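Below, chain A partners chain B and then partners chain C, in two separate complexes.
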Partner chain A sequence: MFQIKPIVSMLLRNKSGPLLLLIQIILSVAIVANASFIISERIGLMSRDSGIAESEVFDFSIYNFDDSIDPVTQPLRDLDIIRQLEGVKAATLTSMTPLSGGGWSSNFSHGTSEEDRKDGPNAAIYYGDEQMIPTLGLNLIEGRNFYPDEVNAGGPELASLAIVSAQFAQDTFGDEPAIGKVMYRGNIGTQPMKIIGVVERLQGAWVDNDNLELSIILNVELASSFNRILVRADEADIVDLKESIPAALHKEHPNRVVRGFTTISEHRISVYRNHELMAAVLSMMVVLLLLITSLGLAGMVMFNIERRTKQIGTRRALGAKKRDIISFFLVENYLICLIGGVLGGLVAVQLGQQLMTLYSLPKLDLIYPLVTVAGLLVLTTVAVILPARKAANISPAIATRSV
Partner chain B sequence: MLSMKNISKVFKTDLVETHALRDFNLEVQEGEFVAVTGPSGSGKTTFLNIAGLLEGFTHGDFFLDGVNISNLSDNKSAAIRNEKIGFIFQGFNLIADLNLAENVEVPLRYRGFNAKERKVRVERALEQVGLAARMKHLPTQLSGGQQQRVAIARALAGEPRFLLADEPTGNLDSLMARQVMELLEDINKAGTTIIMVTHDAELARRAQRNIQIVDGQVCDFTMYQGEHGSVAQAASAPGKTAEIISVASAVAS
Partner chain C sequence: MFFYYLDLAWRSIKKTPFLSLLMVLAISIGIGITITTLNIYKMASINPAGERSSTLFAVQLLSQDVDTWQRINEQITYQDATNLLKSEVPVRQTAMFRTGLAVQTEDENFSPILEGVRVVEGDFFSMFAVPFLHGGTWSKQVDQEGGYKVVISEELNNKALGGGNNIGKTLMLNRKPYQVVGITKTWQPSPKYYDVNNGAFNDSEQIFVPFSLAPIEEFESWGNNNSWRHEDIRNYNDRLNSEMHWLQYWAELSSPAMQQEYQEWLGRYIEQQKALGRFKRPDAKGEISDVATWLTTNNVVPEDNKVLVGLSVLFLIVCLVNMLGLLLAKFLKRAPEVGVRRAIGASRMQIFSQHLVEVGLIGFCGGVFGLLWAWGALSLLASKFDLTESLSQLDQSMWFIAPVIAVSAAIIAGIYPAWRICSTNPSVYLKSQ
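Moving on, here comes the complex of A and B:
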């Protein structure tokens, strides 16, 4: 039996305790809703598919300090050596490593006029050869890969063909087919680059960049004194390759430094560390807040039971069943929780607006305050039910005794 | 209406066994006004609690309005308390945070009456005790006598078969006590059976029957009739209670 009206009367005539609990619930809902939203955002960011076989791909760098080493031919020779090693499935020179936090990017336009160059999309640039796609494990969904004879060794100005990510194609050309389209790089580049392929997904290096999914592979082996190489191998072979690759390269030429050997999975962990830390701290805060709120609820109920022992006995004497006593405490706390939830939801939206303005966070999804309030109702049930059952067991005989 | 046969109530702790009631026998007929007296610790409150289904008993048979009270479920006991019994407590036991109407309404809500029915009954009950004009007041805004009248209204609102009053005038001065007693007498005349536990011999004499409990047994009774005139008195030794009660019942009927 629900006794909402007399319970409301009792709450209104005895405000201080419920008011403190109400304030606690309002703050909890506001903070928990926003924190949950941020956690969910962070987890969403961290769980984005890069399109890469992350655990099978690793990168390393070769630093050639000896002037006798040819900066153009030696990297190609090194690449051949690496591709011959046991366990290597594919390898390519690259200008950047996905999810590493550093690399190349540029604006692209579909014309050379000043007007055309306005608002061109900014995309990550991977310079590489025909082995870039198999090395990263990308899924080519339109067009074709580079042929070996289409790949030029040298500087970025040699790029003439491009393979783009599907997101880049969609953002740049909409529903029109990207294959065959010509683009120009940067604000000054005049070298036309023809799109010959589209990969389903390829992320860049900067995970906090809005254009993370916009990437382009250009047909250039960017050879110099300092080279970065991507290698694909079975996970089980990577440990051995970390030994055999430097050994083979030093055997070819000892005067250089070979270092790095980091898988894309490891880059992912590193680049998302701050997000993970924030999600962990906020999760802990949410748990603590909910714990404190539930302790507050349980404490309030226990205090009320102590205070109302005689009243509970009297109610039992007047005909209240045990379930009436339990529902009395549940309804009383549900009311506080619901009022706190509604007010807390409004504060949460306002807080979300402030966070959006101050820290460029996305707009708070209203489902979060709603789910928080629903969760709080469950928490209220758990926190109240045990003390309420204790109250229900108070003997009606207490009504005739001095307490 | 109420029949207790060889009722005993034993409170046990690890070291001590206390017999609050032993071989307790009592018959109360419909419409009677019975006063229960006895020294402190004699078992009056235990008797009242058992009679009001507020606590169980260890042995014996107890019938209330034809219903065997032994082994009733908690829910069933609560329902019988709500429907058949009205309680009046020494300390009034009003809920301080509820106004008079809300206090009187408490047992009616447990009965499941709708709002309209509750309103009619609350107004009628408060009118009966002369407090209809103050139904929105809080208990703390009333005198002790008025609070007890509210408690009586609460007990009457559900139209119970009998009232159990635990020292109903114990916290009142003599004037207020007399007013409350007159109210109880009026209620009894209207047909409600009343069992009243009291220390006050003067008040006890105003009842139709006076039961004295000593050491957990009915050991003495006095029968009054008419305007408080005595027609029979009897005394019993332990073990003779049943016989005396049957005499009392015969006179009463």
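Moving on, here comes the complex of A and C:
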């Protein structure tokens, strides 16, 4: 019913045009399938939930370069000053800022003796106090937070209690409850750190790291001349706090540099910038490629109509309906598109294989070539029907003319 | 004849404006995308060392124990750095790292700023060809004994000291007075090859202080600090004596003979350290790589850029195939006209070159529009993604590369249609007229 046989024999008689279209479709499918796969992979990376109230949290740093400033007591006093400022909901000293691209990470061991020692996965380490959880807006799902008197000020060696992310608990202890487990720094027995709480979700600083979801909060307010502080406030208050915090801190002591003031949302934008750039360039490529392919298709159809004017007129004179003319063009192009789609799908998988071996890209999901071919069929329909309607309007009388 | 063909081509283009526009559009978009990605790639992969590339060598040591990380680290320990500095083989050499210090001036009202600082040997400036506006580097004696000397950039000189020749003036760094001995002109190698682990496309430092001050002033390290074993580091001295990798090391070796000699020297150093029981792995070794190799092994050009260039080349091929199809259609439609021309004496060669000129013209237009596309796309990307200027600027060579790619690609695509049309038999068309 679709007159496939005459169409095929016609295609075979005049090979070069359809062959070019075929090559174009094969390449388009290969490119579009891989590009949209990479785009969706990047969008997937970017849409992961950090577990943090990103737009309400900002970080800044204080650098005390004056030797007369005590590195242990001064940060605590600064923290008190900040907590009393208007608009500050919560604040904590921290060793690192989530999603900032820089921070601390470490492996801890666990077990009962040196023989059955297991080394845990590499995780982001947040040193902070009891306000770390309210500041970041984390959801504590098991156990408890630190009590204020459990937090020590000094070096990392003072850590004794830990709150871990659910993913860390899962990866380290499997189905066993993490609460009550003890981790060690290096050998079993050195510096025990007991897990007292689990938060639903907390990301680290490195978004391209597989261990992004693995994080540990330890009960230490780090003493150093370089302090980083996280503050939570209403979005509307953040602008004012950028002024009032340095003013208050400089009033306390002028010999210091206070700088930063970046919200986690802003950190997110810059840390994912390369992925967003890649996704944007590839989307641009996909849209333009589809545009070019459909324009090329439409151009070919238009050319064919002109060349087949006489043939179409004759067919109309012999009783073919307008519909038949349109479906003739449609079937012709569907055939090319389908063959191109199948071959293109194969090339796409090959290209994906190449990209996977040469670069650190994951394996191409088969759904992408399929969706691409489906999309191309829709596009073909549009690109063919518009000019083909013109062909259907060719008068049967044209067949009776000599040219 | 060429101009006559150009005229013919222009007439033919005007005769089928829609089809011609389609072809120009197709090739220009292809060129636009290719030039955009190629430009980003090229700007990221530029070798900023120029002719010094083959004489500057990054030095690495495979010094960690066997069952830790396996790769050769891009940085080395302080112990090794001080030992390597004793070698007399290289013309110049420097160990270095990045730190940060608070800058104050003698002006009370100048509010302190925190600046990135590079801690280097005095040879750094001539090794990396840092241009000086005033003064120069500090003396060898400062490198040996330590001294509060500083080299600052023109920019910081303007910001903190009000510009002008401020050699001999004092700059306060972390409340210590440093004497300004040199002011550099703006210097921003991109990528920042001498230290790739602090962001290869970040700004270069504004302040340079002597490496010999590091143990005295205990500058913090603002870079990666990699330890392959747990060490209890409680103070700066522990850090200096630790196995932590945190320093970059570069040597200038001016001839292959010298490189050979330095390799041998490194070999002897490794053996000596092995004998002392420090380097435990049997395959411990020293490696030197020139700037070009260094940039490649450190993947300074992000993989994404390579994927994009590859895909955009495929994209350009699609555009060409598209154009080929349209050209074929267009030329074949003109077969009767060509038949007449052939009958009245035009040779095949003439028909062929006439059509190639037409194709070339379309390609050239496509190239010009493609450049505009690329320029627009780059500006758009730069404004939306905050790209540094060094990455988003349209490289001058592209003004040449784009039309050349466009014209040659178009001609390659046009050969088949032009050949088809010139090899048609004129009599067929003459009969039907």
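Methods note: the second predicted complex is superposed on the first by the 388 of 403 C-alpha atoms of A that agree within 3 Å, B and C clash if a C-alpha of one lies under 4 Å from a C-alpha of the other, contacts with A are read in each partner's own complex, and residues count from 1 in each chain.
By our rule, a contact is a pair of C-beta atoms (placed from the backbone, for glycine too) under 8 Å apart; a residue touches a chain by one contact, two chains touch by 3 or more.
Here the structure is a predicted model, which is why all the values come from computation and not from measurement.
Aligning the shared chain A places chain B and chain C next to each other free of steric conflict. Legend: residue contacts after superposition of the two complexes on their common chain; A:Ala397 is shown touching chain B, with no touch to chain C.
When the two structures are aligned on the shared chain, A:Tyr359 is found in touch with chain C, with no touch to chain B. When the two complexes are superposed, the chain touching more residues of chain A, out of chain B and chain C, is C. Within the superposed three-chain model, A:Lys310 lies in touch with chain B and out of touch with chain C [touch as defined at top].
In the superposed model, A:Met300 lies in contact with chain C only, and not with chain B. Contacts of A:Leu318 after superposition on the shared chain: chain B is touched, whereas chain C is not. In the superposition on chain A, contact of A:Ser9 is made with chain B only, not with chain C.
Contacts of A:Asn34 after superposition on the shared chain: chain C is touched, whereas chain B is not. The gap separating chain B from chain C in the superposed three-chain model is 11 Å, by closest C-alpha atoms. Chain contact summary for the complex, chain A toward chain B: residues 1, 3, 5-6, 9-10, 13-14, 310-311, 314-322, 324, 395-397, 399-402.
Within the complex formed with chain A, the chain C residues making contact are 19, 22, 25-26, 29-30, 33, 36-37, 100-102, 112-114, 174-175, 220, 230, 234, 302-304, 306-308, 311-312, 314-315, 317-319, 321-322, 324-326, 328-330, 333, 377, 381, 384-387, 416, 420. If you check the complex, the residues on chain A that touch chain C are 16-17, 20-21, 23-24, 27-28, 30-31, 34-35, 38, 63, 65-67, 155, 185-186, 226, 255-257, 259, 270, 273-274, 276-278, 280-282, 284-285, 288-289, 291-293, 295-296, 299-300, 303, 306-307, 355, 358-361.
Residue ranges of chain B in contact with chain A, taken from their complex: 45, 48-49, 52-55, 74-75, 78-79, 81-83, 87, 89-91, 93, 95, 97-99, 102, 105-107, 109-112, 138, 154, 158, 166.
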